[in-house]
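Look for chain A in each of the two complexes below; its partner is chain B in the first and chain C in the second.
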Partner chain A sequence: MDYAEHYQTVSTDLPGHSLSWLQALRTRANIDFSTSGFPSPREEEWRYTNITPIEKKRFTPKVSAGDPSAAAELIQHHRLDDTWSLVFVDGVYSAGHSRLTGLPESIQILPISEALERYPEKVHTMLQQAADCETHGFIAFNTAYFRDGAFIVIPDKQVPERPIQLLHVSTQAEGLSVLRHLISLGIHAQATVIETYVGEKETACLTAAVTEIDLAANAHLDHYKLQNESDRTFHFGGIYSDQKASARFRQNHAAFGGLMARTEIHSHLGQAAECDLDGLFLASGRRHLDTHTILRHHGAHAVSRESYRGIASERGRGVFSGRIVVDPQAQKTDAEMNNRNLLLSDDAEIDSKPQLEIHADDVKCAHGVTVGQLSAESIFYLQSRGIDEASARNMLTFAFANEMVEKIRHDGHRQQVRDALLANLPQTDVRGDWL
Partner chain B sequence: MSATSETLENIIHKEYKPGFVTDLESDTFPPGLNEDVIRAISGKKNEPEFMLQWRLDAYRHWLTMTEPTWAYVNYESVNYQSISYYSAPKVKEGPKNLNEVDPKLLETYKKLGIPLYEQERLAGVAVDAVFDSVSVATTFKDKLASAGVIFCSMSEAIKEHPELVRQYLGTVVPTSDNFFAALNSAVFSDGSFVYIPKGVRCPMELSTYFRINAANTGQFERTLIIAEEGSHVSYLEGCTAPMRDENQLHAAVVELVALDHAEIKYSTVQNWYPGDEEGRGGIYNFVTKRGDCRGRQSKISWTQVETGSAITWKYPSCILRGEESVGEFYSVAVTNHCQQADTGTKMIHIGKNTRSTIISKGISAGRAQNTYRGQVKILKSAENARNYTQCDSLLIGDRCGAHTFPYIEVKQPSAQLEHEATTSKISEDQLFFCQQRGLSAEDAVSMIVNGFCKQVFKELPMEFAVEAQALLGISLEGSVG
Partner chain C sequence: MLSIKNLQARVEDKAILKGISLEVKPGEVHAIMGPNGSGKSTLSHVLAGRSGYEVTGGSVTYQGKDLLDMKPEERAREGVFLAFQYPVEIPGVSNIYLLKAALNAIRKHRGDSEVDAMDFLPMVKARIKSLNLDEQFLYRGVNEGFSGGEKKRNEILQMAILEPSLCILDETDSGLDIDALKIVADGVNALRSPDRSFIMVTHYQRLLDYIKPDVVHVLAQGRIVKSGGPELAHELEEKGYGWIDQGATA
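So, the complex of A and B:
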């Protein structure tokens, strides 16, 4: 594969080159990636997402700091005021745009490039704990070439007073952003982390981000992700979490942008852990949006709830794949997965693959999937009240999606997700005053 | 464990009754597979040249294929050169009537309770019995012939009705469809052939009984059912095999063709030898079944009760091509001890207003793995297609597994799809309630399990439903917990 060679040549100056353990890790990952390449649809977990277009392109990472004002407007618009924020422009940390004022010393929020110099041992213990290079080529690719990312450590019993935002902006054409975020919460610690991905219009680039989350006993993380990159972007985002006993992980994912985007959310649930996953995607234009979840119930008494909604319009294609695995010792597991989809046009497509893999008997597991269109009765009802058909359709589509948006507990993020939803509704010109 | 777990244990451990061997002289090919073997099979059956060519093409394609590994089953792969591809009870010439059939063979069927003799007319079922690889007897032939129905063995059909065979064979499951279908196309030795002419409602249920007897043989039967415009047929299939320590291969292909307004109902009670408690022996059941609803308003309904086999790999499917055609799939799959089943269906919606229903009930006990794998595909042309899927799993014991892997692909916005799946065990409350009303724990479990499967059993023809319920009891014997 000549593209593997390409990435090897362009990935110079990666952080942590003086750390031998990291070099060894990267070399191994590089070998894995060179052997497997990017995942192919022949792999069962990728059967609905064919990423060969990525293989044909040659993305290159940002070489110099570039013009800081270029992304200023995007950053201004998406940076949430009430948060501590780390801003990454084209995959490189931008200290000038980030806001970390008032951060107490006990809490560590810094770019991983810096953490590798200041706390290399801590990074060593956290890296590659929840994500495994052997899962597929993207994770190996990320481990081999990550240039930056966030390093967040909340010690035992600490609750940061502000949420933490990781804002990613892509501006460079054919650019490559490879990010590795590490989040670790101590016993009884709590935090909110928001990942926002935006890009300049018409910028074709590749974002490959991997977030590893380690939640100690009774820790509680609220994690949000908004993927609203440009129409020509390829996006891979993997969120892998390891929940210890009674840890709680709540994730809300919203995807509207990109040309081809896949988000993986995998969690490993310890005893009595709780996991809530909610998500929404709206695949319009020629977009291909893929959400892939795996919840592995490893300890007994854990509870998981998954609720995903998808909308595919125009020539868009939406893919949902969710798997719940219950290990033999995970008795009293209570797991539910729900996936509802709206198919709005003749050329759109929805593929759903909800899976249960159960090895314990005293469990309650269920999943449900629906695929359908807007109900003709509802549209007629609204029309009978004097609302034109296009508005009625938009109103119903919005209502279907908004249930997922309402679950977001952070006001600023919720507003951004709602704005992105409204901007992507099929008939944008008829957004009425019904909000 | 509670008292009820012991009862379940008792229910699970029941012996495999049809596990005897009949000592028959048989004409068996030495193990191995090559073009000469295929020529020999074809020669044995006096097949026309086109069939031999068809087989050889399939064989050559099979050589280029690899055995599929995506199913959720684990087994030692089969050595295809150690199997004998043809075994037949020895007869000088084809039997003219039942009196000429080897009495030992009839004895076997009698033991299995199959009504071969016409005096058992009351049963009202026409049977085509396939012993090892060849069809030994078909009953009620005359009565069926008067209605215009052709019901005979596949080899007879190839000789007597080559034009029909040529027109339809391999059109639903092409020879290159998958590894096992290609193998079957190359070496199939017999099977049943059914042709229902235009407007005829088949006067009785048709039935085939499959029996693997000889050791080290594979059974490769091929069934083809053609229902012409406006016709109706109900077809039953049953299977057993002796208990042996080694695994035996069964790779069948079933093709159904339903033309305008025709209806085919295909029911299976599969009770191949499942192997012993430690998972030794048993049949590898790798079957390709597919129905093609070619005509408008045609209907194909699959009902299966899967209790046997060490490994089951089986996905009876419907291609809903005709407008307003209907596909149904009702399944109960029971796995116990070390059995593994990966079974489900495919519903491919092509025509407008097509509908499909999938009801799948999986019961897993002992150390068994039971997987539902189903695909519902709605193509762009399938306006207003409708699918409802329900798959429930019941776990008995804490060492078994139950898995659900559905695939849903929709390319048509007016389609409506629903999919639901649940997994649970028999609740203590339900058991307690039944016991408190005076039922023994064993009866309570059997009642609950039967209730769990009722939606499927009610789709089975009467006499089969009774058998299925009894089988369910046997398969789960000793598993109550």
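So, the complex of A and C:
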């Protein structure tokens, strides 16, 4: 595999090179990656997503650390005013664009490159806790080559007064961004983290981000992700969370961009933990958007609610794979998953694969999938109000997606997701200024 | 306003309307009463242009134009409004958005400019208050989770804002308690004018206590079997529909 060699060669000057434990971890991950390579469609979990086009490319990390002015506009537009933000341009932390003013000393929000110098032991305990290199090649690749990322530690009972935004901007053609985010919430701590991924138009690059989340007992994390990268970008984003007893994890994911993009959201639920996963993907043009979720009910009395909506238009392709695993001791599990999809053209395709694996006997688990068209009744209702059929269809398509957008509690992020939705709906005449 | 001549329609192979004729003049309120299955709702759907009905004969002329030749949205833009028996829920689009989109579609058709936001909101708020609805109602999804009474009031709100010439109320009284019925009736009465006509389709005479019709028609088995003044409604209330059915088959 030539490409494995290529990534080894170009990945120089990675942070933490003086830390022997990290060197050992990276070396092992490098061996794992060299052996397995990027995931192949022969692997069951990657059956519907063939990423071999990535193998032919040779993405290269950005060499200079200067902030190109090209990124400034994107950052200006996407950085949320009411947050503490860490901004990454082509995978490199930009202190100049980040906003951390007023951050109390008790809360740690900093780039992982800096955390490796200041808190190496803490990074050591957090890294590889929720993500496992053996799962597939992308995680090994990320562990071997991550250049930066966020390090967020909220101690027991702390509630930061602002949400935290991780803003990723891709500007460089054939660029490579490999990011590792670590988020840890102490007992009864609460936080909101928003991951935003955007790119310059026409930029073809690879973003590979892994987020590991550790939620102590009774912690509560609201986590949002917007993937709206450029048309030619490859994106892999893995979010792996470990919920201790009664911890609450609410995740909302919206995917619109990229050429080929996959988001994995896996959570491990301890006793009486609660997990809500909501998501929306809109695969337009020739995009391939894959969402892969696994909720593992490990402790008893945990509750999970998962609701995903997918739309595919033109020659777009969507994949939803949702698995719920209930371990033998996880009695009184209460899990519901549903996935509703809308196909807007004959050439569009959505593959939906819900799976329940139940090893306990006293549980409540339900799942449902629909792939449908717009309701004729609703179209007529709108027509009877003077709205022509094409506009009625546009409005109903928007409504179908917007229901997921409305679940977003953060105003600024909700607005960005809605803007991205409107921008990506083909031929829509839904008026953003009337909403 | 509206002239229906010998209208016949069927759903799949089943003939539902078997020759209906009706003249509605500007400003008139017509009530169409009849037992279940008589074709009342079919008549209102055919007038609004819902698909699934095949018109097999007759004609409908609205303000001098062939109504049956128009798409549903064209009928709406020309001033025909159907208040649904079961208004559709559209979560994800707010009531205010739908009102704006509908009003602007109609204004565009008339050659008017888009409604100004500064004018629109106060107008809607005034209407909403008279229908005893909360302002928050505007920002909820269209009919999403509304009670039966709220849905019907929402239909009247849309009607008030779109200012149609011909209002067709399909079983607007069904599912309403007496207080909600009064509010809806007040809303309708406020819209009565010399150049606006109403066709009220209803099973019960109750609605007609609050909205006084000029003419009452009794529909049975796809035909109008009797027409008369408001007193006809009372007669039906006392005797039920049994004698009508017998009359229709005789």
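Definition applied: the second predicted complex is superposed on the first by the 425 of 435 C-alpha atoms of A that agree within 3 Å, B and C clash if a C-alpha of one lies under 4 Å from a C-alpha of the other, contacts with A are read in each partner's own complex, and residues count from 1 in each chain.
The rule we apply is simple: contacts are C-beta pairs under 8 Å (C-beta built on N, C-alpha and C of every residue); 3 or more make two chains touch, one makes a residue touch a chain.
Keep in mind the model is a prediction, meaning the values are calculated, not measured.
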item: Partner chain in contact with A:Tyr3 - chain B first, chain C second, else both or neither; value: neither
item: Which of chain B and chain C A:Ile358 touches, first, second, both or neither; value: first
item: First (chain B), second (chain C), both or neither touched by A:Ala399; value: second
item: Partner chain in contact with A:Leu343 - chain B first, chain C second, else both or neither; value: first
item: Partner chain(s) touched by A:Gly372 [first = chain B, second = chain C, both, neither]; value: first
item: Touched partner set for A:Tyr119, first chain B, second chain C, both or neither; value: neither
item: Touched partner set for A:Pro328, first chain B, second chain C, both or neither; value: first
item: Chain A: partner with more touched residues, chain B or chain C; value: B
item: Footprint overlap on chain A, where chain B in one structure and chain C in the other make contact; value: none
item: Residues of chain A defined as touching chain B within the complex; value: 44, 48, 328, 331, 341, 343-373
item: Chain C residues touching chain A - in the complex, by the definition given at the top; value: 48-51, 71-73, 75-77, 81-82, 84, 87-88, 90-94, 96-98, 100-102, 105-106, 109, 141, 158, 162
item: Residues on chain A engaged by chain C in the complex (per definition of touch); value: 375-378, 380-389, 391, 395-396, 398-403, 406, 431, 434-435
item: Complex contacts: residues of chain B adjacent to chain A; value: 70, 380, 393, 395-425
